[in-house]
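Okay, so chain A shows up in both of these, paired with chain B first and chain C after.
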Partner chain A sequence: MRKSKSLTPLFFLLPALILMVPFVIYPVFKTVYLSFFLDDKFVGLENYKNVLLSPDIVNLDRFPTNSPPWGALIHNVVWIAIHLPATVFLGLGIALLLRGKEIKGASVIKSIVFLGMVIPMIVGGLIIRFLFEEGAGVIPAIFKALGIEGLAITWTAYPKTALFAAILGSIWIWTGFSMLMYSAGLASIPKDYYEAALIDGANRFQIFKNVTWPLLKPITIVVVAMTLLWDLKIFDVVYVATGGGPGGASMVLALQMWDYFARALNYNYAAVVAVLLTTLTLIPALWLIRRRE
Partner chain B sequence: MKTEKMLFSFLLVGVLAVAVVASGCIGGETTTQTTTVEQITLKVIGPWSGAELDAFNEVIKAFEAEHPDIKVEYKTYRAEDLSTILPLQFESGDTPADLIFMWGWFIADMGTKGHVMELGQIINPDEYVPGILDTVTVDGKIYGAPFTAAAKPGFWYRKSFFEEHGLTPPETWDEFVKLLEQIKQIPGIKAPIVSGDSVGWPLSDVTEHFIMTFGGAELQQKLINGEVKWQDPQVRSIFEERLVPLLEAGYFSDPIEWTSAVELWWKGEYALYFMGTWLTGMVDDPTDLGLISLPGVKAMVLAPDYFMVPKYTSHPNEALELAKFIATEGQRIHVGTSSGKLATWKEVTMDDYWEPMKDVAKVVANVESAPDLDDSVGGEWQKAFWDQLKLLWVQPDRLDEILKTLDEKFPKE
Partner chain C sequence: MNIPKYKLKEFIISNSIAWILGVIWLIPFVGVLMASIRPYREIVGGWWHFSPFTITLKNFVGAFNHPMFPISEGLRNSLIIAIPSTITPLLVAALAAYAFARYSFPVKHYLFAFIVFLMALPQQMTIVPLYFLLRNFHLLNKFQGLILVHSAWGLAWIIFFMRNYFSMLPTDVEEAARIDGASDFKIFYKIVLPMALPGLISAAILQFTWVWSDFFLALVFLQNPEKYVATQRLPLLRGQYFVDWGILTAASIMVMLVPLLVYTLFQKYYISGMIGWSTEK
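Now for the complex of A and B:
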């Protein structure tokens, strides 16, 4: 009886396992295996050394004093440093501004902000490309109107601006997610808490600091973790908007993996980048899972 | 009596055996007849859509008319996408189509790996433009066949625009530079030359035109073979003395998405556009097109669309039949449409060409043809080349670094 009980969970897991073994688990192990081989010969960590020392991945000769390229790994880090706080706080700010029924057209504005999330990423990349193109795009037009000629250019064509064009465009796309999550979080906070804080004489800032922000912590954890994952696996937006150029100035790890795979037909180096990316994404994913437990 | 019975039995068995064999043969004949009447379908994958596909469909229609037992189904795939799909499918002994248009270097690579049929039996190299099969030939084995080719002959202009502003095509390099300065002064002009942008190939086409004008087809070939470095003084001087001064003087625009660039150039915001011959099929009035090659041009890129027949096709004989047609008579049909392409099969005559392409065909016929540089090298370097040229276009002062990168990334033997 005890034996059959212990087998029961396995029985329920079996259908999923049957699918996961050939389509997930085997490819994962095969990718790790490939990363240690070159031309069918076992080379240990040689591939990892070559990839990590390549200026395509880390270019310390140019970072941080010169304009990009700084290497795909550094570009991903820069991406996280700008994109993560920007989307978290922009999403929170918009959600705070548009909460409640007192703002007319709040749902329409939220829908517009959320639009970036519902369009295909490839289309998003194309929009970014044209958004930052001199003559056609609104961003260079704004800088031209402000008299800042240095930024009234095609952002995606210049190494100093290409990476930032992709990041800024990505902020527009991803803020909708953050806003939606925080809107849901804000709606779940009971009004009694705010009423009690007001009776105690708390001002708006104190209420935000001591009531809203702590109660939104679970939401913030999810938003931060999901944004980190998005930033690490970013591919399609860059692929379409800049192609990783010019001169590798906006290259990111996922696109570099693609280049090793599809252009260089070097499956071993592609596997190395895949393993690195998976390891990096596992960190926020595991953190998220533990915090939620 | 017993013996008679036995003889009769043998006779009966013999008659029955002959009858069975005879009926089998007759039946077989009937089956064969049915099979020949039954239509088979060949799948073709190519890069074209829209007007380009309409032109290719004319070739397919002609083939189907000649071969009523074969139906051809066409699917559009970008070469970039195929480069990820095909190696995996081939490794598993499968193919998504019976005839596939793809980069020449890729076909050669797949050929050496044993995934592609040899086409020596249907392709006679003597019937083709010299050197056109080099890209798809490895150790004397021809793994791919050429279809029609695009030429990258020079800078296109609108005759009406030149007439309106009193401009004339240049005869010398100095006149060319003077023309660019004249155009720059025209009110409303953003830059004399619009730079097309895509993944990067429009800029590489311009660069190759400069290389072949000042270094000839020989230099282009040596660069392809890796026999001359990008930092070689001869190559460097072409950049330093010819291309970079034009970039620094602002004669080229920043890279603009190449199809948008066609519209802007046609509207008159730019005067010149370096593009392949397919441009003739993209403008409202091809008769208004004029062409300026760099003065003294010695060679031009002739970039054919190559195709292969994967070894895993279910209909090898019919696929080879189609391949032969596309590589020969199909070219005659294709150049007669608005495809803007040139024949690589020498049996095609000037009379076969679409009217607006006849002048271009004559220009190209008078210079040496050379293979496309980045398409021939291919792989990771091709993307690096495109990417570095994008950088050069906006930061020509980084020439040293760019040439060094091109040498470093060049495939090692």
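Now for the complex of A and C:
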């Protein structure tokens, strides 16, 4: 590490600062500023009160007894509650299953599962819509064959199912990430650890619980944090699969922000939702930053 | 292959589970392919009915030359945006990352923590002020405007990624060159950049596919239909009276072909990039 009193590091940093200050950093602070104003008038926390109390964001009259809409914030929370454990454990399970040499074509299966990560999310969302469409789609056809007529419908068209179609579909998209990370993590565990455990007479479950899982902890932290960020920022999938509808039944924060901005032209409310969303992303982000120290 | 008998049962079970999972993950893609190469009437009741089975390229031609939102024009626009939006941040971020990896300077740690924070930042946090900024500078509805935004937005993660990469490189060649009197900048582009080429390729590949796959920023900053990128056109291709899955799936295939091709050709770099930008060495 070179200690330098000269301006050399500044020259290296300068181009990045020139791009980031106007296009990233200034807009962040300006958005915070806008969230406290309404029609150029300072209103303090008034916007926050109005947005947080609006049924668009939290609708406690309907949650949890009635079907959605429950409000964008609750939808994101429901999303995390289902999608986070599902993708983390599915990815881990697939990585464990495909680790050994005994699976024929393991790398092909890995590539297939990872495909969801490679395609644009807007395509992923379109495929979700296709999957859940009555007639043309696989999922309603399966429920029809099982005799469950209530789910043999176009899921994205009904308030009770639209949100869950998007969430279930997004498991298909995102599991490849956790699978990839866990595969890399498993490959980095030295074989001696397992051999030592075997000599000590540990069974498979004990080896997983006492050797594999603790050694994978750094990977789990990254996977959980990245998945939380992904779930909070989810936009494309919902935009194209359900449009946030019907009647806001699958609205999420990122889409609600765009809705205030582009449809309602209420820039101040849009800024409030953006600040809210960013505050929520700070939780996993700070967790990751702290881990660095 | 010789498999002990007592392991045969386990072998069959684990292989079956693995392949059932593989097939489940593949089915949505099979559906897309089926819907794209067959006429609408054959897939509207389910693409898994295989008789009649007519193969046609009509959907691809229809999407490519769509009367309102031709995908051909979208693919061209996406390419025009994605290439400079990859090269610009890569060069700029490599410079900054080198400063973080090799020099100590005031507020370095705070600045780096801020960069990590920006990596997690939702794009929603910037678009309202950016919209007006670009409008004031007459960059709205212009490729240059979106390229600038993409470039600035890509910097945070590429700085993070390249700084980790530079930190892993040995410094003895750099020290030797310094003793020989080479300037800092010369050392950077003559010695460090070539050594960091695999990292640069990984970063370029991921940035390119992410810009190509972007939908949100294009939605905000390109409002003139002629300027729409490929991803932006997809949701607009549904038919007037019914959802035309033939056109939609054919267009989807054309839009995802580019990232799929990049992934296939550069799989090693893609995977190491994926792992490297989210974990740490």
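Note that the second predicted complex is superposed on the first by the 278 of 293 C-alpha atoms of A that agree within 3 Å, B and C clash if a C-alpha of one lies under 4 Å from a C-alpha of the other, contacts with A are read in each partner's own complex, and residues count from 1 in each chain.
We take it that a contact is a pair of C-beta atoms (placed from the backbone, for glycine too) under 8 Å apart; a residue touches a chain by one contact, two chains touch by 3 or more.
From a predicted model like this one, the values you see are computed outputs, not experimental measurements.
Clashing of chain B with chain C is the outcome of superposition onto chain A.
Residue contacts after overlaying the shared chain place A:Ala184 against chain C, while chain B stays out of touching range.
Once the two complexes are overlaid on the shared chain, A:Asp259 sits against chain B while remaining clear of chain C.
When the two structures are aligned on the shared chain, A:Ala106 is found in touch with chain C, with no touch to chain B. After overlaying the two complexes on the shared chain, residue contacts for A:Ile148 are found with neither chain B nor chain C.
When the two complexes are overlaid, the chain among chain B and chain C that reaches more residues of chain A is C. In the overlay built on the shared chain, the residue A:Leu277 is in contact with chain C alone; chain B does not reach it.
Touch criterion met: A:Ala136 reaches chain B and chain C at once.
Of the two partner chains placed around the shared chain by superposition, chain C is the only one that A:Thr8 touches, whereas chain B remains out of contact. Touch criterion not met for A:Leu60: it reaches neither chain B nor chain C. By the document's definition of touching, of the two partners only chain B reaches A:Pro159; chain C does not. Once the two structures sit on top of each other via chain A, chain C runs into chain B at 256-264, and not at any other stretch of 256-264, 328-336, 346-354 or 382-390.
When both complexes are aligned on chain A by C-alpha atoms, chain A residues 130, 133, 135-136, 261-262 touch chain B in the first and chain C in the second. Taken together, the chain C residues at the contact with chain A in this complex read 7, 10-11, 14-15, 17-19, 21-22, 25-29, 31-32, 35, 43-48, 88-89, 91-93, 95-96, 98-99, 102-105, 113, 116-131, 133, 148-149, 151-153, 155-156, 159, 184-185, 188, 209, 212-213, 215-216, 219-220, 231, 234-235, 243, 245, 248-249, 252, 255-256, 259-260, 263, 270-271, 274-275, 278-280.
Interface residues of chain A facing chain C in the complex, by the touch rule stated above, are 1-4, 8-13, 15-16, 19-20, 22-24, 26-28, 30-31, 34, 94, 97-98, 100, 102-106, 108-109, 112-113, 115-123, 126-127, 130-131, 133, 135-138, 141, 172, 175, 177, 180-181, 184, 218-219, 222, 226, 229, 232-233, 235-236, 239-240, 254, 257-258, 261-262, 267, 270-271, 273-275, 277-278, 281-282, 284-285, 288-289, 292.
Looking at the complex, you find that chain B touches chain A at residues 80, 83-84, 87, 109, 190, 197, 199-200, 254-257, 260, 264, 379-380, 382-383, 386-388, 390-391, 393-395, 398, 402, 405. Interface residues of chain A, counted against chain B in their complex, comprise 129-130, 133-136, 153-154, 157-159, 243-249, 259-266.
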